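First the structure, in the form of structure tokens, and then the observations on it.
Chains here go by letter, A, B, C, D, E and F, matching the order in which they are written, and residues are numbered from 1 within each.
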Amino acid sequence: METNLVVEGVKFMFLGMGAVFLFLALMIVTMNLMSYIIHKFFPEPQPSVKSTVAPQEDNKKIVAAITAAIAHHRQG
Amino acid sequence: METNLVVEGVKFMFLGMGAVFLFLALMIVTMNLMSYIIHKFFPEPQPSVKSTVAPQEDNKKIVAAITAAIAHHRQG
Amino acid sequence: METNLVVEGVKFMFLGMGAVFLFLALMIVTMNLMSYIIHKFFPEPQPSVKSTVAPQEDNKKIVAAITAAIAHHRQG
Amino acid sequence: MTTHLEETYKAQPFMDMIEGFLHSTGIDALMNPRANEMNAHGEPISDFHKSWGRVIMILITFLLFYLAIARGFEPLLLLPIGFGGLLANIPLAGIGGDTGFLGIIYHMGLSNQLFPILIFMGVGAMTDFGPLLSNPKTALLGGAAQFGIFGTLVGAVVLSEYTPFFDFTLQQASAISIIGGADGPTSIFIATNLAPELLGAIAVASYSYMAMVPIIQPPIMKALTTDAERRIKMTTLRHVSRLEKLVFPILVLVLAILILPDATPLIGAFMFGNFLKETGVVDRLSDTMQNALINIVTIFLGLAVGSKLAADQFLVPDTLAILLLGIIAFSVGTAAGVIMAKIMNLFPGHKVNPLIGSAGVSAVPMAARVSNKVGMEYDRTNMLLMHAMGPNVAGVIGSAVAAGILMSIFK
Amino acid sequence: MTTHLEETYKAQPFMDMIEGFLHSTGIDALMNPRANEMNAHGEPISDFHKSWGRVIMILITFLLFYLAIARGFEPLLLLPIGFGGLLANIPLAGIGGDTGFLGIIYHMGLSNQLFPILIFMGVGAMTDFGPLLSNPKTALLGGAAQFGIFGTLVGAVVLSEYTPFFDFTLQQASAISIIGGADGPTSIFIATNLAPELLGAIAVASYSYMAMVPIIQPPIMKALTTDAERRIKMTTLRHVSRLEKLVFPILVLVLAILILPDATPLIGAFMFGNFLKETGVVDRLSDTMQNALINIVTIFLGLAVGSKLAADQFLVPDTLAILLLGIIAFSVGTAAGVIMAKIMNLFPGHKVNPLIGSAGVSAVPMAARVSNKVGMEYDRTNMLLMHAMGPNVAGVIGSAVAAGILMSIFK
Amino acid sequence: MTTHLEETYKAQPFMDMIEGFLHSTGIDALMNPRANEMNAHGEPISDFHKSWGRVIMILITFLLFYLAIARGFEPLLLLPIGFGGLLANIPLAGIGGDTGFLGIIYHMGLSNQLFPILIFMGVGAMTDFGPLLSNPKTALLGGAAQFGIFGTLVGAVVLSEYTPFFDFTLQQASAISIIGGADGPTSIFIATNLAPELLGAIAVASYSYMAMVPIIQPPIMKALTTDAERRIKMTTLRHVSRLEKLVFPILVLVLAILILPDATPLIGAFMFGNFLKETGVVDRLSDTMQNALINIVTIFLGLAVGSKLAADQFLVPDTLAILLLGIIAFSVGTAAGVIMAKIMNLFPGHKVNPLIGSAGVSAVPMAARVSNKVGMEYDRTNMLLMHAMGPNVAGVIGSAVAAGILMSIFK
């Protein structure tokens, strides 16, 4: 019996898109569940807003300056 | 018939040096041609001499300082 | 004849610990000898205590600052 | 004294040596195709593929160089692939053959599919699933875009069945359609598995079209959306905790284990890289994956793929079909992503800007940037970039799932 | 037109395809173990090892992740090993088999023992023999701690001879006992040589116990020492010249050549890395050994070792015995090192603080840090860290010698 | 319980075990050569090569270490080669054999010539063709210096034909003479191809003489030039545009394709690295080629070449002949370059300082520095460095062409 390629391709399409959506739908459900559990039972400690922020900011500026300098150096 | 190695070696020498010079001579001709074409049809835009040079120089000094510091750090 | 594993294991133990100590003892002897020869015949030149120390210290501080900044950058 | 020599070298007059030298030049080999020259697989090649075919291929690699350098077409991949193609088309040298260095690299890591797996690890270590985690439903856009794959598969079999020019097997049609996944390593992985004879054309099409995303996608996006839709503002993304990012790669891998084990080589490698990065405790390994390792493998992968650009394999009608089907795949995937967003907006809840639907094809991060750029054409304050990264990375997962399905069908 | 297709793909009704898809899911494979599924070596596996065994193993790899990330258990090795184990236990995918990527990596560098050798080069390039050179006699502590190896070997054969549960060969007992060497690459090198079927369990035990050194060692150290002994202050270390550090690796290698050539692959690789670093003239090579090269090899080694965590190989009674014997080995080695220090103090000369004896097991640099920490509990001014580094690195040499002995016995 | 053991291990009295241990020491093996010990190729070795030969070879590797560290003789290559040689001469350990790690590395990338190709890529990425492009005719100097190769080839066959001591085949003579190319990877590539049995000696000679360029060349340069010639000032180099540098590697490769396909593996790899660098759009790949990749390959290449320093292969009269011919090759090449410059000055046009002729041997960048240094001895304001870089890099191309000719002759 001759196989009709087009029919096969259409079957693949339904099977494939079905599996992709099945997978992603399950992923969405479980990741929502995961996020819920994590926020409920393992909440992230609030980053304390302290005076340490200022020096960190300074550090970041230094890092940015260094990074820029190095990037410039590489290109130059 | 016995092969005379020395004769063979001399043949190799002429063939080899001939090929090397043929190759390099062709390379010289074509690279001159290439340079001519590029300068004629694809000239490099003149780098504009602007005030941006100063900050760049500063950056370079910073980079040099950092590089030296890091190099020092590695050896130390 | 049946091999007694335990007896074999004990033999391995004596052989093994003997070889380990033999090796390390020889290592200790030869490294002492080596150190003696090197200090006697190839002494390290005394590092001269010069004013260059101060700038080096400065460099080290810069390096430390940069290193800290980069480490911070990586984690951040 | 010269006995062992005579067996391996036969002395000859100097004029014969010069003639031999002239006969060993590339010009001569291109002008007078050797009757006994075989391709990398030891099969005979047509005279055209030994002469003008090679010249044409070399010019095509120059075109790839031009596109990569002057137009910024995925140079990281297209330059090594192009150079590999240039080397593979040199007559007499056999660089692409089993003992040539391209052939050695090919057998070291491409014929066994190790290189795309390692690339996937590095890409995983560079990926941030934060945007997807903060808006999970956008994953559906990354699913819809896979219609680019399966729609094209149907197109390919239609071409084979109803035109006399093409005759693709289902395996070949599947390998071609994966171009619609817009994901280089996945394309190479599947092509090597299902249709290695088409690898060169598929890889070149895949990377070229990924580079052309800014040209291909905007007209389709604009044609399928209204002005109002393009101006939809999406809500700010919520903060995602470190633990969520850490658990997510394991979660996806476990899903793949349960539902589609055939996708786990790809998804597992990707999530390995991502997981190592997110742990934050093995930065030296994740840095190496993202730099030294992925760079080395990219060079090798590119050269090895390039070895499949030999004239006798690339200058065939199939290549034109692959290029045609590839652009169809990209277009269909783009359209499907946009339409899916519009369908999602029929349901209650926060509205989705359909312009981020096109990012579902993956082509990370180019497609997300295109979403952002087109969005800003209509409202300069509407930043879609991070919103588009969600479907963008979901598109990678979606393509890997699609690849797994194809692998499982033909196993 | 479809002739060459029919040979490889058989058309079937859509319902059958869906059934086929469901049959190809991991859930199905875990629920209904396939009769014809074989392990990575082509041998049959029990149904338990195909179903719940895999689930248990996957949970065990999650435990490894937790220990590595939250508890800091040697994450550089345990994360790749754990992930390799996770991938190796996926049903139907065959990632750990000969054509799966874990199997390919395994045969690329683990079955031939290249990876542990390369790791050893990198570790050598990171090692500073200065503390040992400034106080050579502390090397004896690194020798005594090897009693952990040979004592455990006796324990393993006793278990085999006098209990009905275990039946280790001498080769297996030797491979297990090398865990007492507290040195990962050495353990992997020997296990691959003498008992590759136990590699997974030995590697996991080795790295886990190395990570647990801060828990295992202090009670033993305290139990065997008096308060006065713990407060012994050691004299300041003398300065070591560059030339001494340069000659030392060659000296040790020459000794190994003369006395125990079977140890020279390990000692040679280690000293190669150390020598390159100490020359100071090839920093780019030694930097690469300490970074890009060791990182790449660590990723590959970890994944390859992980492939030996397949349920049918790991979920066997032998694994429990290995874990039990491993902790005995660490404890015995620790005790032997401490006792050796006390014995040395019976002789005239500078006294040795017995707390540095425990560092002789190696587990560089963790064990030395433990010595320092315990010492400071009793006298905050007593810095033992550098003093403990001497026996610590001597322990690496000692383990390599012990490994050489075992290799020579079974050659 | 011990059945499967008895097959692989035979219990014996403790005294026999100690005797066995003593019998397994390196001292014993060196004193009493084993009758059944074979070399890395499974061939029998003379007793001398098993005993004193090994001791002598180990001392020779120490000499290499000394030269590399204290005298700066190409340490990047000579240290790994030397250490590989040290490991390859250890009795009983078989590190250089097929299952030893040196042997594994050798078969991984040297026997198939992959390593020298990868090194060439990295060197290409480090090369700047600017000086050559700004003064193309200096390429002829890089051609003349290849007379060092072909003159030495004649010398080698004369030695074979007219002295009773040597009996080199034409292949061997060619492999030896390529030392005159003063280019490490090319020498290794050709030696592995034409005379792998001479690889160790050729590689050591090649790198040693490259390191000795500052000693070998100046007397020859001075003897062949007049004071006036040495003071010739060359015109300032013109600016070379980015596009010229970008097109040049492709131009040279196309020439090689048309004229000498057999040279394209070497020239292609070199130009691949150079082209990637000059595009400026794939810096991460070219950085990796110049650092992580070339460093890793250098370590492996060095160790693998070192495995050919086993006593039975190196301590043979041929090695002396190779060392002798190698220095002749360097000297002849140097002289030919200088004389070529003088010949060029007979023609009208800008004069060439003959001191840059010696740089044509390649040995990049050492030979160019020597030109500069000798020039400044006579006129401190005469900076020849950049002028000498032209012939220097042309010498690399010239050697690759010469290598291609030799490959084509013996194909």
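Keep in mind that, in the parts below, contacts are C-beta pairs under 8 Å (C-beta built on N, C-alpha and C of every residue); 3 or more make two chains touch, one makes a residue touch a chain.
All of these numbers come straight from a predicted model, not from anything done at the bench.
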Chain separated most widely from chain A, comparing mean CA positions: F
Chain E against chain D, contact positions shared by both copies (same if over half, else different): different
Winner on C-beta contact pairs when D-F is weighed against C-F: D-F
Inter-centroid spacing, chain F versus chain E (mean Cα positions, whole Å): 39
Between chain F and chain B, distance of the C-alpha-averaged centres to the nearest whole Å: 21
Distance from the mean Cα position of chain E to that of chain A, given in whole angstrom: 34
For chain D, residues that touch 2 or more chains besides their own: 2, 5, 9, 17, 21, 160-161, 170, 256, 259-260, 292, 405, 409
Contacts with two or more other chains, residues of chain A listed in rising order: 4-5, 8, 15, 19, 66
Residue numbers on chain C that touch chain E, as the complex places them: 4-6, 8-10, 12-13, 15-17, 19-28, 30-32, 34-35, 38-39, 42-44
Chain E partner contacts - residues on chain D that touch it in the complex: 112-114, 117, 121, 160-161, 167, 169-171, 246, 250, 253-254, 256-262, 264-265, 268-269, 272, 275-276, 279, 281-282, 284-285, 287-289, 292-293, 405, 408-411
List of chain C residues in touch with chain F within their complex: 2-5, 7-8, 11, 14-15, 19
Touch list for chain F against partner chain B, complex: 133, 136-137, 139-140, 142-143, 146-147, 149-151, 153-154, 156-158, 160-161, 170, 173-174, 241-244, 247-248, 251-252, 255-256, 259-260, 394, 397-398, 401-402, 405-406, 409
Chain D - residues contacting chain F, complex: 1-2, 4-5, 8-9, 17, 21, 24-27, 29-30, 58, 62, 65, 68-69, 72, 75-76, 79-80, 83, 86-87, 90-93, 95, 99-101, 104-105, 291-292, 295-296, 298-299, 303
